[in-house]
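Below, subunit A partners subunit B and then partners subunit C, in two separate complexes.
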Partner chain A sequence: MGEVVQVAAPWVLLAALLLGMAALGVAALDGALAARAACRPASVGAQHPLVETARLLRQRRRTTVAADTLLRHVAVGGFAVAPLLMVAVVPLGEWVLADASVGVVWFNAVDVLVWVLVWLAGWGPNAAWSLTGGYRFLAQAMAYELPLMFALTAPAVAAGSLRVGDVAGGQQGLPYVVWMPVAFLVYCVGVLAFSVRGPLSPAGGPVISSGVLAELSGVDRLLVLAGRAGLLVAGAAFAVPLFLGGGSGPLLPGWLWVLVKTALLTAALVVVRRRLPDVRPERFLALGWTVLLPAALLQLLVVSVVVVVRS
Partner chain B sequence: MSLAFNELSSVVLETPLPDLSVLRGVAVTALGVVAVVTGALVFRVDSMARATYLLAASFVAVGAAVVALHLDYVGVVVVLMMLMEMAVMGVFMVMLMGMNPALMPMSMVHSGRRALAAAGTSFVVLTVGILLVDWPTRPDAPPSDPGATTYSLGDALMGDHMLVMMVVSPVMLATIVAGVVLAQAHGRYERLGDDLRGTSRQGGRR
Partner chain C sequence: MAVSLRPLQRVLARWAVRGTTVLLVEAPGGWAARVAVERAMAERGWRAASSPADADALVVCGTPGDGWGEVLERTWAQLPGPRARASVAAPSEVPGALEGLAASLLDDDVQRVDAAARDLVPADVEPGDDMHPAGLELAGGEDDLRDGLEMDVLRVPLGPVLPDWPAGLVLRTVLSGDVVVRARVEVLPGAPQRQDPADDVARRLDAAAQVLRLAGADDLAARAVRLRDAVPAPRTSSTDRPEDAPSPRTSSTHRPQRGALSGTSSTDRREGGAGAAQRRRSAGDVRELRGRVERSRVLAWALREADVVTSSPTSGAESDAAPASAPDDLRDVGLDARRRTRDDVRTLLLGLLDLDARDDDPGRRIRAALDALPERLVGVDVVSARLLVAALDLRTDTLDADDLAALAPREDDSDDDSSDDDSDDGSDQHMHHGHAHG
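Our next item is the complex of A and B:
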């Protein structure tokens, strides 16, 4: 794998199309697994996202009393854009939308943007359950964000660059996941936590009557549901250049390897998150600060020592 | 003929690209205007949530302007830190101001006349300072690699104290982590009692 080439802006449409299809795939897999768990045919569950999309597109938007409509629109629009901002720095083989010199930090900034979006989505409708969801997400964010940051730092330190293409190119023959597995695991926990679904991210969970999603309807709801699936896909896509060797692999071309690796990791995350136990925010805080953060820091220490010894 | 060509090519090669720097200048100015306008709007809205996130928008514009000044890393980190900080600050502002979501509009200003005088004075002092300082002129074109600009800025700011800062920052992080671990309500002191041996559980719930 050589240098990555920055492509022209209109290619963002292709990225959006790929993300949308992947988000639909995430929803279909989730639906199929849920249907099978409920002893119904998996195909019915897999079709559910399409049915739901058609329903939401026709649904009239429901509003609440004294809602902050502007902030809700900001949140809903942000959900549609944030996954795209994340994949903009992920090289697809040799092409990338934005060859940013600080791509790793950029990804981190966008995943912090999710804090803002979830809280605003919770605040906007002026309703108790969605507000609870917004606050709960921020509490969870305190637990996962710092470990996630240090997990992102480890591959950047090993490659000696914050440019995502350089990080992908720095793992010739040996993907970083092999010698920094702890950072990879902590990163995956972070992705599960910022994708606003599942036990690690209860902002929209059933325990609080779907929280931030409770008052969203129509196209707004569709965009937020698609956006959170897109966040999971974008998180998995970013792990490919960071930990999984980017587009390197036998036989297939680089861009296809990136897609295959992204699809496999996304599917694995969808399956795993259905099997994890619910974690209350204060429990997750204890886990984040006493287990994940020290583990990520130790991993970073190991990586730094290896880099110093090797140079 | 060949001499003239050499002369021409050297002129062409040594002339800095004007369009890019002009574009950057326009971008920095426009982002500065966005930062000031959103910053001023903080005091015009009547909701703590809107005020907080307008301030966040102002800081994001500042971060983008810093990126336009060839400091990619510093600019993106400004955006990252400010989004994070404002998300947390919003929680505290709503909590401390006791405002019900959207139901109780509140003014974002107080002690109007004195505040206006203080703001005006500090604006004048800062502007005069900016205009009177004898700014150094850049001897050469900025390096094409933004990392080099960031490095030289760090070197200029820290100089010999870089090593001290590098040592202090992990110590500060360790202090924060230790503080959180100790302050945690349902931590080991609750499970194991005050002596941490699990024999006497005098601590109990706080």
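Our next item is the complex of A and C:
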């Protein structure tokens, strides 16, 4: 793991392609697991993303009375863009789209942007279930965002840099996940929370008729579905340089290691979120502030002490 | 140019129809039909839609009675299209109905004509003004509700078109944010139909599956659905089953189809003396599922109600029932507003999965539950409300004519002046239509 090189802007297309394929993979795995639970052939379930994409491409877009069209479009488009903004700072081996000196903060800023997107998606359609989804997401956001922020800080403190490439490079031989497992777990909870699906998805979920998705159809719905799958992938991808040693590993080239680690972590998150029931925001709020936040702060303290002692 | 796109459009349509989403509407008495539709949908890889915007097809299960016409039309108008609709009064009609839906959705020409005939962008009915954008009333404010916020009071009808919701039930709620501050129960009737007690176990498993699905416990819900579809037929011969109008074959025809439709379940075959063994095994499976629900601390944690404090605890209950009228047998199932515990949903769920508990008179239980519901829901958030309603297993088809008359939709309530405008599914507008234009 040496220096990372910033590549030219057109490579963003490759990033988008990889992200899109990974999002399809997430949906396929989800579909296969659901099919298996219902004792149906997993292969049929795995086709779900393609079938759903065809269905939504063919479906008309609809809107509601007195909808806030502009904000709604911002939300829908934003979902497609946010994951790309996240992976822009993730080095793929030695290449990165944006070698920002504040990459970690950038990622944090984008994940806060998800608050705005979900809220606007809830507000835009001017409908009860959507709005309820928005309310509930903001309540939950209070629970996961601060712990997530401190979890992000731990690797940055250890590496002494906010540049994602430096953080990845700082894990020679010993990935940060080994000695900051709590930060890693808190980070994963945060990823599950901002990907608007599964146990930490009060913005959607069957109990409020899909919440922020309730009034979306056609390509609007497709973009949000793809975006939230992309957010999960982007969250997993960012964990690779931060906690999992980046592209370091035997035999395979660095870029391939990044992809493999991202795929494994993504799959693990998909499996975990399927096994848990939906957690209500107020319950998660208590957990976030009484367990996750103190745990993340303690982890940060340990990391800081280690850094000071080592220097 | 347009001609060359045709093959591509056909491929897209074929793929799209493989994942058709169906908005299921169950009228009271349509339980067997709905279950048959769900099973046939699973065979085809179709899934249930969560809202009209998500749906390609509208399937009405059972025979809707008075008051359904406008509800169904408004729901139908909300489907984005390509769209198709079907009515399934009896399980025997299911294969033909789904075949028809697929054919209609595949037919680009039909869909094009349908699409050209309507505009999906709602024309603003009124020019409106600052206080009535597009002719809609703004969200209101009411005194001393939960948090003192202004303009967050919404009137939202829950049901009758809502997934995992009792057939025909309409809960006219006033929400402060997402907390119920008032609720009124109405029931849209279906065709009268006598109960088949033999369905009791399957119906409990169905209700349990609904609760688990709403709670996001997808794997457990799938398990409950499988057990529901595998419930062995009881010993009673087919002549014991009620066969009365208007859909005489409802209860007698769906059972033979079970084996044919649920190809994955080997427990369906009932031949000779194997029936008793299957019943035992099925009961064992249900006990196992109940054990999993009982042991899961995460699920218990997730099902526990929020402790919402309403500053005006007496503001609710439009029910005709006196507060003290909850019969003894309701005290244990979470409907006594003064004795509520936050684990009521879980208690009810475990009760549904307890095969030893018999529900001898569901009609009386359900009438009492509907009477007690408005008061119980005050101060409960909308998520807990939906879980609670699902867990109560409100079989509206057990209500008799007197009950239905008492619970019929009312238009005379000034508190709810727009009931006719919003009677679709609650996913419409949160600021309801005022009567300014009506």
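Everything below uses one rule, namely that the second predicted complex is superposed on the first by the 311 of 311 C-alpha atoms of A that agree within 3 Å, B and C clash if a C-alpha of one lies under 4 Å from a C-alpha of the other, contacts with A are read in each partner's own complex, and residues count from 1 in each chain.
Throughout what follows, a contact is a pair of C-beta atoms (placed from the backbone, for glycine too) under 8 Å apart; a residue touches a chain by one contact, two chains touch by 3 or more.
Given the structure is predicted, the values throughout are model-derived calculations rather than measurements.
Novice: Counting only touches as set out at the top, which of subunit B and subunit C does A:P277 meet: first, second, both, neither?
Specialist: Only subunit C is touched by A:P277; subunit B is not.
Novice: Looking at A:W106, would you say it contacts subunit B, subunit C, both, or neither? Reply first, second, both or neither.
Specialist: first
Novice: Could you tell me if A:A66 is touching subunit B, subunit C, both of them or neither one (first, second, both, neither)?
Specialist: both
Novice: Please indicate which partner A:W123 is in contact with in the superposed arrangement: first for subunit B, second for subunit C, both, or neither.
Specialist: A:W123: touches subunit B, not subunit C.
Novice: Touching A:Y135, do we find subunit B (first), subunit C (second), both, or neither?
Specialist: Both partners, subunit B and subunit C.
Novice: Have a look at where A:W115 lands relative to subunit B and subunit C in the superposition and call it first, second, both or neither.
Specialist: The answer is first: A:W115 touches subunit B but not subunit C.
Novice: Which of the two partners, first being subunit B and second being subunit C, lies in contact with A:S304: first, second, both, or neither?
Specialist: So A:S304 meets neither subunit B nor subunit C here.
Novice: Who contacts more of subunit A, subunit B or subunit C?
Specialist: C
Novice: Pick one for A:L293: touches subunit B only (first), subunit C only (second), both, or neither.
Specialist: first
Novice: Overlap the subunit B and subunit C contact sets on subunit A and report the shared residues.
Specialist: 66, 126, 131, 135, 282-283
Novice: For the complex, give me every residue of subunit A touching subunit B.
Specialist: Subunit A reaches subunit B through residues 66-68, 70-71, 74, 100-102, 105-106, 108-109, 112-113, 115-116, 119-120, 123, 126, 131, 135, 138, 141, 145, 162, 282-283, 285-286, 289-290, 293-294.
Novice: Provide the residue numbers of subunit A that touch subunit C in the complex, in ascending order.
Specialist: Subunit A reaches subunit C through residues 34, 37-40, 44, 47-48, 50-52, 54-55, 57-66, 126-129, 131-132, 135-136, 198-199, 201, 205-210, 213-218, 221, 274-280, 282-283.
Novice: Please name which positions on subunit B make contact with subunit A in the complex.
Specialist: Those in contact with subunit A are residues 47, 49-50, 53, 56, 72-73, 76-77, 79-80, 83-84, 86-88, 90-91, 101-103, 145-147, 177, 180-181, 184-187.
Novice: Contact residues on subunit C for subunit A in the complex?
Specialist: Contacts found on subunit C: 12-13, 15-21, 42, 45, 50-51, 53-54, 56, 78, 80-82, 115, 120-122, 124-125, 128, 133-134, 136, 154, 156, 162-164, 175, 177-178, 212-219, 222-223, 225-226, 264-265, 296, 298-299, 301-304, 306, 382-383, 386-387, 426-431.
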